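Some structures are shown below for you to check.
Each of the next two complexes has subunit A plus one other chain: subunit B in the first, subunit C in the second.
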Partner chain A sequence: MNGSMEFLLWTKGPMFDIALIVFALGLMARLAEIFLLGRAPNYAAPRGKEWHRGLRTLFTRNFPDPGTFQRAPFNVLVGWIWHLGFLVILLFFVPHVELAKGVLGIGWPTLPNPVIDLITGVTLVALIATLVHRLTHPVKRRISTSEDYLVWTLVFLVVLTGYLAYHRLVEPYPLVLGMHILSAELFLIALPFTKLTHIFTAFIARWYNGATFGRKGVQS
Partner chain B sequence: MSELTLERGLAAFRAEIDGPVAAFFSSCVHCGLCAQACPFYLETGDPKYTPILKLEPLRLVWESQFTLWGRLKRLLGLTPKVTDAMLAEWEGLLYDSCTMCGRCSMVCPVGNDIYAMIRKAREGMVQSGHAPEGLIAAAVRAINTGSPMGLKWKTLAVQIKHVEESTGLQVPVDKEGVEYLVLLSSMEVINFPEYLEAITRIFDHAGVTWTLSTECFEATNAGIQIGNKDIAARLVERVVAAAERLAVSNVISPECGHAYTAIRWEGPNLIGRPYPFQVYHIIEVLDALRSAGRIHTEGKESDRLSMHDPCNLARKSGVIAEQRRLMDLVADNFVDLKEHGRFQWCCGAGGGVSSNERAEPLRMAAFRRKKAQIEEVAPERMVTMCATCRTQLEEGLEEFNMDIPVVGLTEMLAEHLVEQPRTPTEAQPEA
Partner chain C sequence: MAAPTTLGENLRAQGVSRRGFLKLCAATASMLALPPSMVPRIAHALEATRRPSVIWLSFQECTGCTESLTRSQAPTLDELILDLISLDYHHTLQAAAGEAAELARHQAMEANPGQYLVIVDGSIPGPDANPGFSTIAGHSNYDILMETVANAAAVIAVGSCAAFGGLPAADPNPTGARSVMDLVADKPVVNISGCPPIPMVITGVLVHFLTFGRLPELDEYRRPMAFYGQSIHDRCYRRPFYDRGLFANTFEDEGARKGWCLFRLGCKGPTTYNACATAHWNAGTSWPIQSGHPCLGCSEPSFWDGGGFYEPLSVPTTATATTLLAAAAAGAVVGGATTARAKKQTRNLVAERQPVTVEELEKKL
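Entry: the complex of A and B
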């Protein structure tokens, strides 16, 4: 019991600081890598608004065009479900908002625990579905790398340990809570160095895409 | 030309990596949705044609030399190196199975502009000596003769004579200070001479002053298809020089998709300065004339017509409504393909694929997507506005024994002109 308490305190203390620092520095480095490269000046006379269309694409790329949805409904829906689930749990579970209050000093409304519990179950199932899809769909299997499986494991562990901790399915409790916090910290540490960066860079990519097409008068 | 080497190829890859490329590679989650946008994957079912996979050499260069973690991995020898063998394998992926149609760029959920990166990657392929024979030959002919097909002015001069005889109108050549310099594509001159006759009639009808240039009549740009900025810039410079010499205020790109994107969007950046003139696709010019009330038509086509949007014109340049307004003018029974405009499907021949003989089986495979789209609406004829698309549609439809003629929109419009042009004061203003 003592050991598990020490472990929990370590994840909440020094490890938390390390994770935040690696995350912050790594992310800043990645953003600098992108923005310092910049873009060459464009001398072609524009046909449409770059900024406006770029910002619109930030939003519109959340939704596939009808044809793509028809061709890959499973890929789109399962992706949607687990992303939404993950976000809702992260942002609206009581202890997570308490953590935000502690670190950032601001809080916001939460969702009832049974709702979060249900969403967590759905998210876990959806995550397993994405893994099965990755292992079986010829395109996904061909383009997947070890990083894809590493990142999947990290994401899955974060949600799974959270579920186990909430239901007290592992004893002692400090051990499972510590495991949950540690997996979240590993997630943060990996974020700037893996495809997890898309959490931030996808919005930069979408803007560039929307702006490039927008300049030519096309909403992308 | 100095020798093409792997080192030069890698240097060209590095030179192409900019902020957007870094943002795109940082964001790819390997979801595989881009494959669902690619006719080459969809029609062959081979996952190696997944668009983002075609960029693996460029991605490796980015990862190992432009990211902190990648540099570390490279020091530890954990990153595979881009080798000549790898580029040889990727040549088929970057050229034979990609028309740079840009559909993947519209579909990628994280917003990766994949086709733009294909265009960039080809720069490295050329420098490392891994470009297809057919495209090299076209680029060499374009530099040496002015035309990727080796067409000379005297061939065009013969055609001009025919047009003048059949229309009774003069085809202006090297006229200074006119409104428009008209460019052509060699494929058009050879396969579709009716285009020149059509614009001669339409411009006379609308009272437009225009000219051809003996110095430069070719609009296509083999440098852009193969992926070589030096060649592309030299070809653009010829157009700019001709337009400047004749002091025209506008240059018209013909019914050719890539010629338009080449001169409209890439051209000024290739030569590093804005143009002293505007560039329009012929369809934009015709639609502007229509809306100014300068085109008067009579009668309409009554058979069931559908339309193929060239990728370069629609998705990559935003010319989508213009051709439909023109169709309305001359067609009674027009039906759009289900996915059209910015989400149209490529004909399978663009981006240099049609100049690359080796790619023919893939080109025909990719066409099957277009074929299915056409079958869905069962038109009696197809209309388009790009000579490459048109040739591909004709070949493809014939291959599958489908009796559907393909016509160019400009010539269809010319057939409906009112014989006696009215003066502008008589013109009925249009909505």
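Entry: the complex of A and C
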């Protein structure tokens, strides 16, 4: 008997365990490696403070400098829109908060469903725009690798199946909900081994950048 | 035994008026989503047909399905089920006992070969399981089922145990319980799932079978589309609250008092297909969500193993924070070991490095 309900229960049961284990194990292995290898020792006398600069850069790098925006307004604007949309949907949709509460034991306030729905629509359009841009922009197309397209597909599938499930556009519903959960699981599995790791490493890199410059006493 | 009378005659003998009979036909047509023009056809078919012989087999069950059926408020459609059919064998309801009871079953099978209906409630220990888990008159449930369905016209699995294995088949399934459709391969099987199922649905399927001579359109789980075609969520009167994001967070809060959506309290309505939201229970009085309780999803396969009844639908069934922490700890160990190896390699390379002078290089060139 292999119906839609069995599929849903598989994605909510054994497959979720596998995805969670691969994600946590892979990510921690990579992070531990990054932190334990550390940086080469700097024997020069420090001219400024590391921590202060490092932490400040964590925040300031969220915003591009004016030159970057003038050179690539699309990347900055659309990138911002879909990253923010993705985060808001992930963190503030009621079922997602319930999931966190169920697994981690901590919950937080949520946003009303119609707001999440609107943000999902915007995020989907923005994601499609990034793909079109990647395929049409001559430089971007040259430098894009298969990994870039794989990661785009994973992100897009998670949001698309979520939208389809919320609006119940695929029957039977357990099938589409299972597809959404499975997409999220594939995303989690791929996270430590693709450029998706930047979700965590971007902040480490920012800190190192800021701290290095801070030690030298120059602006970062 | 089925008396050689037509169903119409039998209904009149039971005191059902013509008006009452036509009401049954109209209600059934509407339940099955048939056009009103079908009502005369249903009436004609039911009038003329002989009451079908029905053998009701109860296996690993709690009698809740029969209780639900027989305790429905009279006089309703539900009670008319017993007038529509000639119920020739039913443990709980029949007067006969022991050998006389088993004789009734065999007589019904011999008198109506290929024409009788078998209704099953309860799951069955499969052919590989110990047959001793459930026996009747010294015979295993599996043997009785196979013997009885061999010459049946169709099999109706009533209740989630017969349809999907239900509670007996829940993990770890100690009796090796199986559903009817798992075991009966060569006969049409209809599943009327639910714990218990809506009695009206049983009537609907029987009327459809008597009128058209075939079973109604079924979904992927062999459930009649007319009753299981839409989810509880889609027909729930609390759906507007879900759409607006208004939820009850506990059973005592303002949201619960105002009748808001029960998703956060574990409602399985979104994944559950049944007619509770429209048919209601207890002569149309109410239904679980109307009484303030989340839907358990009792008409779906594996509903006992599908996560806690009060866990929201989005919560994984087995994953815990411990899984996450253990995997993360293992990851840290792996990362540490990789780093240690890399550092050791570097140290070895440094130790074994053979310095080369410019003169030596020039000689080589």
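Basically, the second predicted complex is superposed on the first by the 218 of 220 C-alpha atoms of A that agree within 3 Å, B and C clash if a C-alpha of one lies under 4 Å from a C-alpha of the other, contacts with A are read in each partner's own complex, and residues count from 1 in each chain.
As a convention for this text, a contact is a pair of C-beta atoms (placed from the backbone, for glycine too) under 8 Å apart; a residue touches a chain by one contact, two chains touch by 3 or more.
In this text the structure is predicted, and so the values were computed from the model without any measurement.
After overlaying the two complexes on the shared chain, residue contacts for A:P112 are found with subunit C alone; subunit B is out of touch. Touch criterion met: A:P172 reaches subunit C, while subunit B stays clear of it. By the touch criterion defined above, A:D148 lies against subunit B but remains apart from subunit C after alignment on the C-alpha atoms of chain A. In the superposition on chain A, contact of A:R71 is made with subunit B only, not with subunit C. Applying the stated contact rule after C-alpha superposition, one finds that A:G217 touches subunit B and leaves subunit C untouched.
By the touch criterion stated above, A:M5 is placed in contact with subunit C alone, subunit B being left untouched.
In the superposition on chain A, contact is made by A:E98 with subunit C only, not with subunit B.
Overlap of the subunit B and subunit C contact sets on subunit A: residues 26, 29-30, 33, 36-37.
Residues of subunit A touching subunit B in their complex: 26, 29-30, 33-45, 47-48, 57, 61-62, 64-65, 67-68, 71-72, 75-76, 79, 134, 137-145, 148, 192-193, 195, 197-198, 201-210, 212-213, 216-220. Residues of subunit C that touch subunit A in their complex: 164, 179, 181-182, 219-221, 231, 233-234, 242-245, 247, 263-264, 270-271, 273, 300-302, 305-307, 311-321, 323-325, 327-332, 334-336, 338-340, 342-343.
Residues of subunit B touching subunit A in their complex: 17-24, 26-33, 35-37, 41-42, 45, 47-48, 50, 52-53, 66-69, 105-113, 116, 264-269, 272-275, 278-279, 315-320, 339, 342-343.
Subunit A makes touch with subunit C in their complex at residues 1, 3-6, 8-9, 12-14, 16-17, 20-33, 36-37, 94-96, 98-99, 101-105, 110-115, 168, 172-174, 177.
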